[in-house]
Every structure is written in C-alpha cells, then in structure tokens.
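Consider the two complexes below, in which subunit A is the common component and subunit B and subunit C are the respective partners.
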Partner chain A sequence: MTATLPPTTGPQPGGTQPEAPLAAPRPALAHDWRRIARMGSIAAFGQVFIALSNMPVRLDERLIVKPVLSLGYLVLLILPFAAGYRQGHQIKREGVPTYAPGLNEVVGGLSCGALAGGGLSLLAVLLTHFDLREPLVNWSPILLDLLAFGNATWFAAVIWLVIGGGMGAAGGVLRLLGPRIRRAVVTMALAVAGAAVLESLVVDLAEGLGLETLTDRLYARRGGVNWSSALGLAVVSGLLAVVGRGRFRQARTRVTELEGAKRTQANVGLILLTAAVLIVLPLFAGKLTNELLANVGLFVLLALGLNVVVGLAGILDLGYVAFFAVGSYSAAVLTAATSPKIAPEMPWLAALIVVVIIAGLVGLFIGAPVIRMRGDYLAIVTLGFGEIIRLLFLSDWLSGWFGGSQGITNIPAAGIFGLTDVAGTDPRRVFYLVLAFCALAIYVSWRLEHSRLGRAWMAVREDETVAEAMGINTVNVKLLAFVVGAVLGSFSGAIFAAKVGSVFPTSFLILVSIVILVVVIFGGMGNIIGVIAGSAVLIGVLGGPKQPGLLVEFSEFKLLIYGALLIWMMLARPEGLIPSVRRTRELRQQEMAQDAWLRGEVDDDDGGNGPAGSPSAV
Partner chain B sequence: MARAEVRPVRRRARKSRTGVDWFLTIMRVAAITVIGLGLLAFIAQEINTDNPFAQWANPDATGLTGAQFQGLIISGVTQGAMYGLIALGYSMVYGVLGFINFAHGEVFMVGAMTGMITSNKLADAGLWESNFVGSLVFIMVVSILVCSLTAVIMERVAYRPLRGSPRLIPLITSIGVSFFLQNASVVLLGPAAKAYPDVPDWIRTKHTFLDIEGAKILVILVAAVSMICLWYFVERTKSGKAMRAVAEDAEIAALMGIDVNRTIVKVFALGGAMAGLAGILWGILFRSVIHTTGFLPGIKAFSAAVVGGIGHLGGAMAGGLSIGVAESVGPLVILEPLGVSGVSQLRDAVAFAVLIGVLLLRPAGLFGERLQAEDRT
Partner chain C sequence: MSPGHPDPAADSGDGETGAATPLLEMRSVNAHYGAVHALVDVDLAIYEGELVCLLGGNASGKSTTLKTLLGMLNPTSGEVVLDGEVVNDQPTSYRVARGVTMVPENRRLFKRLTVRENLDLGAYLRSDSDQIAVDMERIFELFPRVKERLTQKAGTLSGGEQQMVAIGRALMADPRVLLMDEPSMGLAPALVQQNFELIQQIHEAGLTVFMVEQNANMALSIADRGWVLQTGRVVLDDTAENLLAHPDLQASYLGTAEQ
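For the complex of A and B:
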C-alpha cells in the first residue's frame, strides 16, 4: 500500500506489486456517489439483519469494556466501520493512478457509515409504527429500547445516524494513518477485545496461579474489562506494537533461515516448549477451562483427520461425521455393559484397537464406491453416506444393536493401563488423553505429508490425470487417504464416547461435518498448524455444534456465523488464515502468474500467459 | 456426446482389475441380489403369505393390499413431482456453470417459509377462507418472486466472484450459503416448526373419482403445468435459446453476442422460481415448515437431477418421480419382505442408496448428461 512495506516472507497472495508513485489526494467531495450508496445500503441491510437476528439484545449482557460497550452494541458498530474502511479501498491496476489517502476517504467513510447507521434509524421508526412480530420473532419493544438507549424513537433515529457516521469516518481515518500507527491501533483494539473474550479463561487461570489481584483489577465484578484497565491495556499493547514492530517477523525469518541441525534443534525446542505449556496449563485451570480445552482437542483431532482427506488428498468428504459416529458407537458397544446386543465389556484401550480396525474397514467400504466419482459428486455421495450411517444407528431395525434413538448409555470411563480412568467428570484427564492422541495425529500427518504417500496425495490433488501418468495408483492412494482420515476420526469418536458416557444418533448430524470443514478451511487446508489454530480459535471462542465456547452468548448464532465465515473465506481467502505454501500456489495460480508477468519474470512454459493455466482440481 | 466421453474410462477399468474393481463388482452383485430377493419375496407374499419362500424371508409378512399399493405410488409420485421441480434448478445451474448449487434446497425452504408467512397474513385478513384459489395463486406468485430474488442475490454475492475457480470452491461456498440461509431462518423466524393455516375440505379429503387427496392432485397438476411452461421457455423463446447456448459453451455464446452474465442470472431466477413453487406445494401438502425443511428434499432433488442425467430438464423431472416412488415404495416392497423392521424410518436411507446406486451403475444418469465439454471429467 505505502512505501515502507517490510520484506514479505512466504508467498503473499497478490504478490509484491511494482510500486507506483502516489498521486495527490483527491478532493474531499469527489466521489463515486453511486458506489457509496450501494455499499452503504448493503451495510444498512446487514445492520437491520443483525438487529433483527436478536444478536444485539442477546449479547448485550456480555460487557466488553465496563460501563461503555457491550458485545451487543459492538456487533452493531462493526459494519459501519468496515463499510467506511472498505470505501477508501483503491483498486491497484497497471496504468491507473493510486491516490494518497486524504480527506476524501474520511468523507466517503462518513457517508457510507451514516447510511449503514441509517438502516437502524429506519428500523427504529418502523419498530414503533408497525407490528411485525408474527413472522419476525425478534420484532420487539426490547429491541427498540436497546436501539434508543432507553429514550424516544427520534433519539434512536438520530443517534444511529451519528454513530454510524462516526464509525464510518473512523474507518476512513484508519486509511490516513501510517502503517505503523495503523498497526498499533489495530493491536490496541484486538488486545482489549481479546482480553474481554478470554475473560473466563484468564480469570480461571489466574485463580489457579494465585494472581487474583491482577484479574480483579483488570475485570469488573460482573464481567467486562474495567474502563481504566482497558485504557491501560490499550496503551501498553499499542506501545508494544510500535516498539516490537517487525521483531517477531525477524525472529521467525531467523528461525526459518537456520539450516540443518540447528533448525531441527530450534524446532524441537519450540515443540517441547508448546508441549510443556499444554501439559502444565491444565493443572492450574479449573473444570470449565479444562472442559473447553478437551472439546477443542476433540475437534483438533477431527480436523486433523479431515485435513488428511480434504487438505492433503483434495477429496471433499462431507460425511466425515460418519467416522466419528462409527468410532463412538463401536467404542460404546465394545466397552459398555449396557450395550443391547453384544457387550464384551472390553477395556477401553483394547477396544480402541478394534475400533481402529472397524473404522478403517468402514473407510474402505465408503471410500471404494465413491473414489472414482468426480469431486463434486463425491462430496454429495459422502454426505449421503454420512446421513445413511446416522439413520441406521437411529433406526428400529438396528436398535437391537445400537439402541435406536435411546442410544447407548452408561459407557464406562476409559482406563489407561490401569493407571487412571478417564471420564467426563474429570475434564483434565480427558484433555491429557486428547492431547496424547492429538500429538499422535500431528506426528502421523506431519510424517505422512512428507512421505512418498503424502507427495502422491498432493500430486493427485493438483492434477489426477498427470499424477496417474506419473505412475501413481490414484485409486489406492485416495483410498488410503480415506482410511487414514477414518482412523483419525474414530479416535476422536472413541474418546468422545468415554468422555460423554453415552452416545445418541443426534450427536452425529451432518452439521458436525460442516463445522469441521469450516474449521479446516478457516485455519488453512493442508497446513497442520493452520488446522490446529483454526479449531482452537473457532471451537474455543464460538463453540462446536453442541459444545459451548468462550462466548457462551453466541451459541444461538454460531452456526449462522460459521456459514457466513465459510462464504467469506471462500471469496476472500480460500487458502485459509495460515495457508500452506503449495495450496496457495494452486489456488492462486492465475494471480501469481499475472504478478510474475508484471514483474517481468515471464516464463512461457509455465502458464505465464494467464488464465489458460487454471488448475483442474482443488 | 456424453456417452462417447464415458466409454474409454470403462474400457480401461476392464483391462486391469484392481481390488477396488472386485469390491465394486461384489457390491453391485450384492445390491442386485438384495433387490431381487426382496422383490421375489414381495411377489411371493402377494400370492400367498403362507408359502414357504415368503415365510422364510419374513414370517410376519402381511403383504400389501391393492389400495395400499396405489396409495404408496400416488404419494411417491406427489413427492417426486416436488423433487423434480427442485431438481430442475440443480440441473440447469449445473448445466450452465458446472457446479452443484448446494444451497438450492434452502431456496426451496425460503419458498415454503414465504408461503407460510403470506398465507397466515391472508388468513388473518380472512381472504384465505373466502377466496382460497385466489390466495393460493397469490402466495405462489409471492413465493416465486422471493425465491427468484434469493437465488439471484446468492449468485451475485457468492458465486459470480468465484466463476472460473476450481470446481470444488463454489461447491464449498454453496454449502456455506446453505448453512447461512438455514440459520438465518432460525434467528429471524425462530427455531420452532410453523404451521400453514387450515385448508378447505376439498384439499384435505380424498376425492371419490380418483381416490386421491385434493392436495396431491393439486401438486401433480401444478408440477405438470410448470414443467410445460419451463419447457416452452427453454426450448421456444430467445432467452431459453441463450441458456442452451451458454450451457453448450459459454465462451462461444459470448462471442455470438449473448450476455452470459445475464443469462446465468436468468437461469438462477428460473431455478429459484421452480423451487419457490415446490415450496408452496410442500406447504400445502404437509402444512408445516421448519428451517431444516430444505435439507433432505434438496439432497434428494440433487439425486433426482443426477438420476435423470444432469443438465437434462426432462430427465430432472423423471429422476424426481423415480426417486419419489423409490423412496415411498422401496422400503415396503424390498426391505419389509426381507424382515427389516421399522422400514418407514429408512426411506431417506433408500433415497440416498438410489443416488449411490445410480452413480455406481450409470454415472451419466438415465438420459445421459448435457454438459460443457470441460465439465465431463
């Protein structure tokens, strides 16, 4: 954007553009007003949708900064701000001048934001004069009250124009700031928001560590960051951001530039450090935090399994929940005394071996018929299989085996060599168990990724025909991906059965598959760290299909947010937050080719002349 | 055209038989055996429930009476007609853009919801009872408009920016759209099931002259009429010609002066309209709608589109009818005689099994696919 970009590490989508000199700022009122009207009204629609979804009312109880800002109001501030910031975006093209940001951006942002806020003003007026509660369940005086801050309607109408305009202008101002200050501002906002979101976690840990005084000062009694400490936090984080600018990146480049043994040492050190933190942390955390960690761990395990199938081999499996279900049910049948038909009451670890074999066989059974289908048919058919498996567990026909809708209850705790029993009543032990399996899954997927098989998967993902021509048996390779994914998923299922103590068909809805898919895509398909980070952020903060996250208030809205997130990720960043290098190259092939062309590095043999070389597989 | 593309793949498969091929052959044989045995047992039961074969297959067998069988077929055809209407949208979009619009089932749900809201408003005003036919036409028009708009917005926001990206990317996006629409309905309209207002007697009761409920006659009639209208539109009008041209080859169509974007918008609008119509029919027939209403019919309609040969309009309708009849008759004619208990719970499983079976035995569908050359891989 501006002159002092630090040297980029790794491939940045869009690449480094040739720096064009910035033209003088545009005059304040020279706008494409139609564009502003369009963006503003889209944002206004969004605002009305958010308001009518009951998000503001439901989230109002959760305070971010003690008397000033609640999460409910925060969700109403985001869109005007984003519209105001987005409005100042200039498309950089060869031969089109780029203007320096100036008053123009602020005015544009202001009008965009005011329009967005105007949506709420209009809504407030409509709320007073019409009664649409019949179809719209949240059309209520409570919402009006919230919009008007307890005052009259006209107040709501005016105040939201002002607030929207203010947020939009703030978004415009953000464009004016230099990159250094902008980063500091963003860090400040993120620090305060993060502190508020992580509140229960931080308080819990602080109690364990005996640091109550610190959290008492930071957080208000009934939730939310104190006004004064929020200010302090902002200042500190802002300073850190300014001082520490680029240090982190430098450190990372230094590590990646290390070679041979030193690199390995650094990696081992980093892994040991992470492991130590993860092992020590739960000792100081309370039950709720450990429960949260255990849930996140279960989803990390599932996501790692799906990552092998979707991320490495490029097979879009929408019925992944089937393997989770098979793992759970077979563990339940093998260990529980109450299992209806056969109840061998095996110890959990012994049962796990059988579970793995069963899951592998089911993987083969589901995989074999679908493996030759084209990618999109395969997705729908796996979805069908996922649903068939759930329907079979639910049906009366097999209820003699699996208990039908009653499921299987009283599943005993998982015993580990007679050392401990891992049951849901002690989430800390569950977490350690999950951690051990996650470590195994990470090791397996890391070794597989760099093995002959992993390279074969990636080749199949990039172009099946070429891979076949290179002598890869595509059918077997893809089947193996299915089986590995199934086995990893069944681990998670077996732990889930022991943790919850009962299995019901309703735990294995298709939406579980979709949530895992969102997690994998959000984090970055094909990248182990990305997948782990994705599950930690999404499942930890928003929660899984049935498991609450840190923002418990969001439980009604998390699926909506997952859907929106999936669309947005695909449109804006299909390679995920922490992308795998190869994956990005595949997904951005055209853009990269164009960038190379712009830089003058045309290689005629390498699809350098643009759109012709589009990848045929995901 | 499609067949010529499929054949070499088969020939190669025959040359070198791998473990997967053997497995698939065994699966095919097993599937055919189960279906055959079930049918034989069914016939044996129909002849005489005491004969040894029927007794061996299922000692508690009762067989079906003629009236029961007719009822099953009729309800299968009714459901199938609605699947067919939805399938048209999948089929047309796949034909033109080459990707599965997974969210199309949710458009159908939006239609059913719109119908619920409008008809309840009309019932409050007293118009629903006094002028039922007029109200019905009105809610159909409203639903068609809303659904077309939804589909068009969907295309504009989520799919147009992704045109030309790898095939699975828009599919994943459409899963996101589907999830979003479903949950938007939950947060806006509430998670409970919502009822349509009462319908007049002639809709609810069976008619003497065909022994079918009025609602089912209505569904079949409306589906037939809209199918004919759609056929006329696609085959006889200029816009329809443009659609077919874009489906054949978008680039060449653009060179011939066809506005491809506009044509694609029309395709989405048309598909949305059909789904909206199906939504209303669903509402009239079952008189209850919930946010998950679109999921299963959506998947089954997609199966119908595949069964009929994707990109093929008549095929979509035929596929819909066959899926509908299969899921209503299949459990009772094939599974029940074999002694499977609680078969009515397995109807959805049967519908999926039909999809898997067709993709295994005849991936191009019953009538062959009509796709752009580069989509047939």
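For the complex of A and C:
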C-alpha cells in the first residue's frame, strides 16, 4: 500500500498517453515459435470445427461479393487472418521496448495462418481416406468439393496451406500499415461486409424510396454486392475514413464533455433525431423490414426488463422468459374468444392493465423465494421457475385455461382506442406499437437508473451486506427489481400475443431466457443504449430464437455464433459492446489524473500517509 | 477471570450528557450462526459521547457483535437496546435511521460505483437534502482529497483514500454512534497511527464511537473504556487505563503481541 499511484492502480487504457518511441523491428525469424504453434493450432481447430459444422456449405449460398466471395468462404478465411493479425500483437509494458512492426510480423502471421489453413488441408486428406459420416454428419463429399474448389484432394491440401498462409500474412501486413491506413482498410472491409449483410434491408428501403436503380447497381441479381460496386464502395469508404479520421470520435467526446444544460440540449436533439428516423423509416419500408424491426423491438423490451434485474440489481435471472410467457398468455386469455374461461373478451388495452397486474404479482410470487438466495443458487432456482411456468401453461391440468400444447389461437388484433387494430398482418403497425412501448421502457429504465431506487439496486449489486448496513431494505429492493422486470417483459409478451395471433408453450423455452441474457451481456449490462444495440445486432442480424434475422442463412448456426460471441465478449470486452458513457468519462479522468501525476503536478506522498492528509475539524 | 464489572456510567469520561440511559446497549445477548454459538451472554453499554472499544482476537465474535447491534443478525436471546428502546424486532433500516451506522470491516466500498455514489448511498435513508449537502461539504472539509475523487470509481482509490470515503460514507448517514469494524485492518503501518488520530478527531467533534480492534494498545490509547471478547464471551470490562495495565490482557488476548 505504500507508494501507490494516487489516482489509480487499474489498467491503463491506452490512447492519449504519448507514444513511447518504437524499437527497431525484430529480425524476421526471431519468434516465440511455441506461441505461433499454439495460436495456429487453435485457429486450425476452429477451422475444422467450422468446416464440420457445415457452415461453409450452407453459407456458400449467400454471396458477399459476387462472384468472388461467399459467406461460406468468408468464415473460412477470417480465422487465419485474425490469427495472423493477433500474432503480431505486442503487450505494451513499462520498461520493455515495443518493436516497430516489420517483416517479423508478416512471417509470424504467415506461419500462424498456414497452420490454421493446414487444419483444413489435413481435413481434406482425411475426408478422402476415411468415412466418419457416422458421428460427423457433415463428413461429406460436398464439403470436400468445397474445400478443393472442385479439384483433387492434393489441390485442397496445398491450396489451404497457401490461402491460410496468405491470409495470415495479410493479417501481419495489416500491422505494418500506419494507424490511419489501417483504419481505412478496416472501414473498407466493414463497409463492404455491412452492405452485403444489410442487403435485404437496403433493397427494401430503396424500393420504398424509389431508389431501385441505385440498389440494382450495387447488388447483383442473385444476391451479394457486385464486385465492381464492392470496389467502388471500398474506395469511397476508405477515402471517407481517411478524410473524416477521428471526426466522429471527436464529435462524440465533445458531446459527452458538454455540461449541464448544453448536454441536455444535445441529448434531446439526438433523441428527437433518432425518434424521427424511427418513425419515418417504416413508412418507406416493406413488410419484411418492418417485421424485422418489430422483432428487434420486442427483444429490446425484454432486454430492457432483464437489464433492470441483471444489470442494475445484479440478480442473475435465468428464467426471465417466464414473464414474457405470463404476459403473452394472460393477454391471450383475456382477449381471445377461443379461451373459454373469461367470458366477456376485453379490448387489448384494457387487458394490458390486467396483464401488468398479473405479471407484477407473478414477479412477486417468483421473486419472494428466489431473492433470499445468492449467486449460483439464485440462478439455478430462477432457471427452475422459468421452466415451471412454461410447464404450467403446457399442463393438462390447466388446459381449460391455456389449451395445453394446443395453446391459444385466434387472438384478435390489438385495438388502440378504436383508432387502429394492430395485428401481425401489418408489421408496420406492430412496429409502431412496439416502438411506443420501447420508448416508455427506455424512459422508465432511465429514470429508475438515476433514482434513489436505482442507486439502491446498484448498491445491492455491488455488495449486498454493506447495502443492508446502509439501511437499504435489500429484500424489498430486490423484489421491486423483479417486479419492474416482470412488467416490462409482460409488455413484450402482450404485444407478441396480438402480433402472432396465437401462443404456444413452445414459444417460451429456456432458450429465450438465454438469448435475452446474451443480448444484455453482449450489449453491455446496466447500459440502456448497449442493450438496444445488442438487440439490433443479435436479433436483427442473426435472428431471435424463432425469428429470422438479416442473415437468414445463419439461423441454423445462430446458437453457435451466439456462444462464440459471448465467449469472445467475456474475454475481450467484458463491459459489453457499448460501455456506458459514464464509464468512458471516468476512465478518461483517471488518465488525466495519472498524466498530471506523471508530470509531477500532484503530490505523490499520499499513498504512504493516510486518511487525514490535512484534516481540519469536523 | 473477569474482574468485577465497574459501573459504566461512572466512567463515561468526557460524555457530554452523562445520562443514565446508554445510547446503545446489549443485555445478555446470545447469537448463533446455525449451531455455532458466536456470542455468549454479552453485556455491554455505550453512552453518548464515549469512545469505547471492543478487543479480541480472530473469530472472537467482534464483527458478530456489530452485526447484532445493527440488526443484520438476530440474537437468539437477550436484548439490543437503542436509546432505551428494545429494537430486537426492528430491521437494520430502523436502527440506521435512528443514528447507528457502521464502517464495515475492510472498508468495503461499492467498488464499481463512483465516490459520489458511495457517499450518496451513505445518506440513503435521509430525505433532508439541504442538510445532506451541508454534511457533504463538511466531509470535503475533513477530506479534501475525497472531493477531488468524486467522479472516480471507488475501487480505483488507494487504501488511505478508500478509508476516507468509507468514513465519509458513514458520516453521511448523520449518525449518533459510529460502529467501526477493525478500522486499522489492511492499512499500511504508516497509516495506522493517522487513522486512530482521525477517529479521535471525529469523536472530539461530538460523535459517539464504538470501535472493534485487534490492535489493543493503539485502540486503548485513545479509548475511554473497553471490553475484551474471547470466543464470544466478554472476559474483561474496564477503563482503558486499567485494561492497558491489566496483567491478563496480554494473556487473554494474543493479538497484542505485535507491538
């Protein structure tokens, strides 16, 4: 504890620190070969796994750049490239020189990538000589054909070594480029990939706006970006990246550094702009796009609800789908004529009030026993409750109410004050309804987060015992989190019931809980914008448990990719996709304080002398 | 072993009131963790304005005593009395609202929350926002360093700074009696002395302090009275002076051997 740095002992976020001069590049062959072998084998293993999961075969149908690159080949190319790039990474340590990148990085990347590609070479050889179709269903000639580009086995063995090496070397070369060019290259790749991924969305919107000629030029008829337009897109985005270098980031920090009224103004402006876009956009979008947006919105609602429970109050609820189910089923029972138990069918909005009350009660009912537990036990018990609720809806015992496995069908559209009827046949209206509830949920989450209750939640999350010692009634506070989460989830459920028109127990599997949790973790726990971004990326692009996303081809591998993303996220960016602004600002301040300390502007004898630096009277 | 229990009221040295009712009292309290008998017939009384300490080795039941006083653990028998009222059935929030506040063992700040949020949480049960602001300013006067660190995460502070925030957080509750669980634990040796001076200073400003310590010599040098706890029993109960001179102190309580 003596002589610690006064501002922080945490890891230093790089960036504003003045760069130390680089040491001369290392010789080309001076490598830690064991590290290369390790990274290369991991990548090779990943390659083989991807190949055997049948991803390349299935994804081969989706073209990225026509006719050169399909999604199938892309997933096989990306790993050697990433391994090659990663290999050149140097950990910056004080007192240890950082070497300028050079031939060393390229050779390292090449070796890494070749090893990774070698995995596929080996696989191709094994494919020809053994038949393991029994345990590995995808062990097929089709895969071999794909790996060999229609040629003989030896060709596959050689070509993947070459391709892997080439991609790895390219990853190494990326290290050589200055940060400016590197950013441009990355932007180009992202622009082309983004254009390809968002194809159906862009085409749909362009049709609505009467800009078909543009998209006709951009996209080939059978899908994928035309190679010529891909080139054009790359050039334009690359130029933009070089010209607009850092502008975006500057603008953002300028906004985050605004204080008081100015900040509020900027925020209000941004919110209004976003709202305007979200209101206008669907008018020009077709059914598919609106459907997609509505699905994303439903998951935003769910994720915001779970975010209160997990992100703010720190209660790891693995059975959150229960509240989605309760919302759906109670809305269905109350509004559908096919459910016999409640005779006069209610209008949807009136039913919603009852739904909220029911969901809140169920939240209390489940929460009461659960919150007395901590950590792992709590998670396991919530998992159980999630299943119990689903099984109740499925049971014969209650089939008079919920229809058992037949579910409840013919749920009428949701009438809004007699103005419109919102049903799944018109996804645009569904989206507007979802949007309204999302706005409500965002506002509620935001207000709660900055309220006394929100602070109490965070205290409970950080240290329950101490929170109790501060006088926080931890039991009540945690119950409230459960109830708020339940109510937000039930909104989503009630809309879902009206949208789909029928509810079945199979819509509420554990998987839904897991997906919502992954969305929250992926976006950034406890962070509203992160949660929204998480839903947009995961649900919008990859798709939800039953809802297709933009990359329809991925739906089979959705869970695999969810898992991989989650692991990568936990390792590389545990704070989530979008760390909260608050956190960024804090980190920046720490840096500034540290710089000041380094320049000797802050006396540094504090660490050694105590709480009462110079105390005056109380 | 135990010497005769002196009448505590007679010793309440610089107490401003010298009132007959203790501010906080334990009457033959027993407490259990499951089958473990953590406190055995513990009697103690803290009077307004006192600075008193509870000494004892590891696992002797010191923290348990504080938890029981604060209502985080319910006694299996006996009474906890706050200002003349038996509060056995009252939750922690009730006791905190009536002026009992604890600085937990090892400070235990909310590490991922900012310093300001930590301080705000100290005042969780208060609604007098004007007075809260005044108290916050007083804490900044006491610890100017805390003010500089307001928007920083508490977990990134140095040990000394964390101690300041921990005490500040407790003071934000506007307590009448401050329970401190081993305030010198985990502090660098150079900080320990300062830490005790600070406690004395807070006490002189009018706060009743009940401090739990292993560092007997240091604690007794600033305390008025003290108790020694051994496996959940009070074995010594005397003035600080007498305790320091007591031949059994070292024997009954090995923790003092360090100095």
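Assume the second predicted complex is superposed on the first by the 554 of 618 C-alpha atoms of A that agree within 3 Å, B and C clash if a C-alpha of one lies under 4 Å from a C-alpha of the other, contacts with A are read in each partner's own complex, and residues count from 1 in each chain.
The rule is short, and it goes like this: a contact is a pair of C-beta atoms (placed from the backbone, for glycine too) under 8 Å apart; a residue touches a chain by one contact, two chains touch by 3 or more.
Because the structure is a prediction, the values reported are computed rather than measured.
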{"item": "Which of subunit B and subunit C A:R452 touches, first, second, both or neither", "value": "second"}
{"item": "Subunit B versus subunit C as contact partner of A:Y562, first or second or both or neither", "value": "first"}
{"item": "Partner chain in contact with A:I472 - subunit B first, subunit C second, else both or neither", "value": "second"}
{"item": "First (subunit B), second (subunit C), both or neither touched by A:G375", "value": "first"}
{"item": "First, second, both or neither for A:E462, with subunit B first and subunit C second", "value": "second"}
{"item": "In the superposition, subunit B vs subunit C on subunit A residues touched", "value": "B"}
{"item": "Contacts of A:G415 with subunit B and subunit C, given as first, second, both or neither", "value": "neither"}
{"item": "Touching partner for A:I514 - first (subunit B), second (subunit C), both, neither", "value": "first"}
{"item": "Common interface positions of subunit A, toward subunit B and toward subunit C", "value": "473, 586, 611, 614-618"}
{"item": "Subunit B contact footprint on subunit A (complex, rising order)", "value": "49, 52-55, 134-138, 314, 316, 318, 364, 368-377, 379-381, 383-385, 387-388, 391-392, 394-397, 399, 473, 475-476, 479, 510-511, 514, 517-518, 521, 556-557, 559-560, 562-567, 570-571, 574, 586-587, 611, 614-618"}
{"item": "Footprint of subunit A on subunit B - complex, ascending", "value": "18, 20, 23-24, 27, 99-100, 102, 117, 120-121, 124, 157-158, 161-162, 164-173, 175-184, 186-190, 295, 299, 302-303, 306, 340-343, 345-346, 348-349, 352-353, 355-356, 359-360, 363, 377"}
{"item": "In the complex with subunit A, residue positions of subunit C that touch it", "value": "70, 72, 91-93, 95-97, 102, 104, 108, 110-114, 117, 120-122, 124-125, 138, 141-145, 151-153, 155-161, 163-164, 167, 169, 173, 186-188, 190-191, 194-195, 197-198, 201-202, 204-207"}
{"item": "Interface residues, subunit A side, partner subunit C - complex", "value": "1-2, 4-10, 452, 455-456, 458-459, 462-463, 465-473, 585-586, 589-590, 593, 606-618"}
